[in-house]
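For reference, the structure discussed in these notes is given below.
Chains here go by letter, A, B, C and D, matching the order in which they are written, and residues are numbered from 1 within each.
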Amino acid sequence: MESSFITTLKDATVGDWDAIKKGNFWKLVLGHTVTPELYRDLMMEVYHYTKHNSRNQAACAIVDAPEGLLRFVYHHAADELGHERMCLHDLESLNLLDKGALQKKTLPATEALIGYLYYVSFKYGAMARLGYSFWAEDVYEQIDDALSKIRRDLSLTDRNMTFFVAHAKIDEKHIDQVTDCIERFAKTPEEQALVMQVARTTIFLTGQLLEQVAALHAK
Amino acid sequence: MESSFITTLKDATVGDWDAIKKGNFWKLVLGHTVTPELYRDLMMEVYHYTKHNSRNQAACAIVDAPEGLLRFVYHHAADELGHERMCLHDLESLNLLDKGALQKKTLPATEALIGYLYYVSFKYGAMARLGYSFWAEDVYEQIDDALSKIRRDLSLTDRNMTFFVAHAKIDEKHIDQVTDCIERFAKTPEEQALVMQVARTTIFLTGQLLEQVAALHAK
Amino acid sequence: MESSFITTLKDATVGDWDAIKKGNFWKLVLGHTVTPELYRDLMMEVYHYTKHNSRNQAACAIVDAPEGLLRFVYHHAADELGHERMCLHDLESLNLLDKGALQKKTLPATEALIGYLYYVSFKYGAMARLGYSFWAEDVYEQIDDALSKIRRDLSLTDRNMTFFVAHAKIDEKHIDQVTDCIERFAKTPEEQALVMQVARTTIFLTGQLLEQVAALHAK
Amino acid sequence: MESSFITTLKDATVGDWDAIKKGNFWKLVLGHTVTPELYRDLMMEVYHYTKHNSRNQAACAIVDAPEGLLRFVYHHAADELGHERMCLHDLESLNLLDKGALQKKTLPATEALIGYLYYVSFKYGAMARLGYSFWAEDVYEQIDDALSKIRRDLSLTDRNMTFFVAHAKIDEKHIDQVTDCIERFAKTPEEQALVMQVARTTIFLTGQLLEQVAALHAK
């Protein structure tokens, strides 16, 4: 049985995703034929923040935390290491990879997401960052319709979408661990408010990342 | 005569502000009678990030920087210290201050702005943070029409707007120093790209802060 | 065949340990009957820094590093997690554990060692911290005579020395990985000088930790 | 009238300095004719940590602190900025400056002192760092006999010792501010224990810096 905080957190994050799905990215993807350039620009931003997710997970260790939570942190960081290479693989499999573009600055929302997550690690530590993992490891049910439309429009196979296919599998295991960690370690109202704050702030930034990618392809 | 990078930076930040002024906050403020509650909710978010601006300015010293730039950093940090109290003063002068609300979590965009600026400080250092100061110290010409409308609708005097009145004055001095520091210290394309990245990311987050305040009062 | 930098590093660390072994801790342990109180005070300091070693290893991820080095960092951090409990177990097995003392401040050298290693993590990152692991994972040949004397004087069995027995085994594996990482990732003279600096600074602090423990029991 | 914690702190730091004055640096300086090379090697280490003292003072702002304490931090950081240039000036006035040596690694104790103070800044914040300022701003009465002997042996004038002459004056003002800040802001036993810990750890490292300089010139 879910704890009442987990239910509250789930409701808030689902609500925030519902709002994102009323935005321009969803309109563009569902209402128009997806272009290869849109997929490329999306995957480049995903590449950029994914490159940092393993590192900002491990960096949480700078803040004191219970041993059980640190153990999750280390394993989770190790599980995510190098996943950004899947983004490049997927783009390369479609002849969409522009290696010169890898050095370019990201969109503002992506930069803010990367920076905010290091701040969470360094200032709040492992427990707070669970608020990000809580929804991010379970995001596939939220984005399924958009991903399916992209796959169909671009005739993609699993081989062209290794990042999303692999993550959907890995993350099944993670989401139970994350929920368990939140239930064990975020007990006080202050701790739970912090987990909620990190969850909502990171969803907000991710939603804006999608909006900013969409804006590059505004119809 | 302005350097060409300063011109590029100015154009980009003015362009980003123009986009914000086409958003819901401006529509709400200019198109409807401003309520005291809107002003209160705005000033509470301003209070929250202002409380951190002096600190994340000083914290830049953790990254190596030229002596002249560190000197600017320390004086700037000292100049901004305690300015969040003006927000509280202004709200109190209108009987709008709810002291219990001071402990509440901020809106996601405010939280992201605060966190991102600490990240800029400890990861990039003083030079990069000039990108934020560059537009923030000069923001009064951007927000003048909205502030005037708020002032008129709520019959505010200077005594109820000490935060904005005082800052407009202090910042006149700062903007020249900031421009001078950027010209002296951000020389290479990489350094200038970083200043630009921080400028655009912080404008983006500030624009979203305004949108999220507006969303609380959607008509 | 060892690379010439590994040889230089090995020579420097052996030389620094030889100097430590001419100090008061070795005189006290080898020249007098070791008291239970000396062993207790030693293990309490070991407990304190060990509690942080896993965390400051993982925290290195805040600084950019090659994927192979990050993978070592995460596994190493996971391997060391919770090892401070062995110190407590060993003291408890001898009825020497004073739980109230766990909250007390450490000796200055221990505090400096803990703080310096977080600084190395946060400022220099994973490659620099290899300088610490290089000698620490291989320290058993340096301290063997002192440990044997302690064991004999106090009639200790492996069950009373789990920390040292377990570590000697675990670290056999680590030292090859550490040497390999230094050879792969510390290539330039600047990188090698940094690894050397961290190695010598952490040996110096560890030597002082032993001197300060000895000073508590000066004959 | 001094508070009882200030008295305890003063006694501890004076006791620790008394121990340093029984060490090899004092023996070398007071018992032998001081060589220019000893003065040079001492001033180079002073140069290295002084270069960081202003920065690690300002960096404390990353940790939450009362406004009055932050104000002290910013002014103190500004007062100390650039003081390392006095060390270079003093060496140059004696033709003892080897500019190539500025890039060399410091002695282990100096490196540990620099690193530990950044750790204090970003982990403990401004209040804890007062423990360092407490004795460092008042160190001239401790080192007066050694400085006088150096001055006499090398026939130095104030012009060759600007670092020490200027600091002795500036620091007269600081020590009262530091004492006042400790009395106002370090109230609980935990806070006072932290100030004490930082005081003793930094004296220990400074004492070792002197020992390591002396070891370079062992007779």
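Note that a residue touches a chain if its C-beta (ideal position, glycine included) is under 8 Å from a C-beta of that chain, and two chains touch if they have at least 3 such contacts.
From a predicted model like this one, the values you see are computed outputs, not experimental measurements.
Shared contact partners of chain A and chain B: not a single chain qualifies. In this assembly, the chain whose C-alpha centre lies farthest from chain D is A.
For this pair, chain A with chain C, the centres built from the Cα atoms lie 38 Å apart.
Our note on geometry: chain C versus chain D, Cα centroid distance of 28 Å, whole angstroms. The geometric centre of chain B is 47 Å away from that of chain C, both derived from CA atoms. Residues of chain A in contact with at least two other chains: 118, 122.
The touch graph of these protein chains is a ring, one cycle where each chain has exactly two neighbours. Pairs of chains meeting the touch criterion: A-B, A-C, B-D, C-D. Only residues 54-62, 64, 67, 70-71, 73-75, 77-78, 81-82, 118, 121-122 of chain C touch chain A when the two sit together in their complex. Residues 105, 108-109, 111-112, 115-116, 118-120, 122-123, 193, 196-197, 200-201, 203-205, 208 of chain A touch chain B in their complex.
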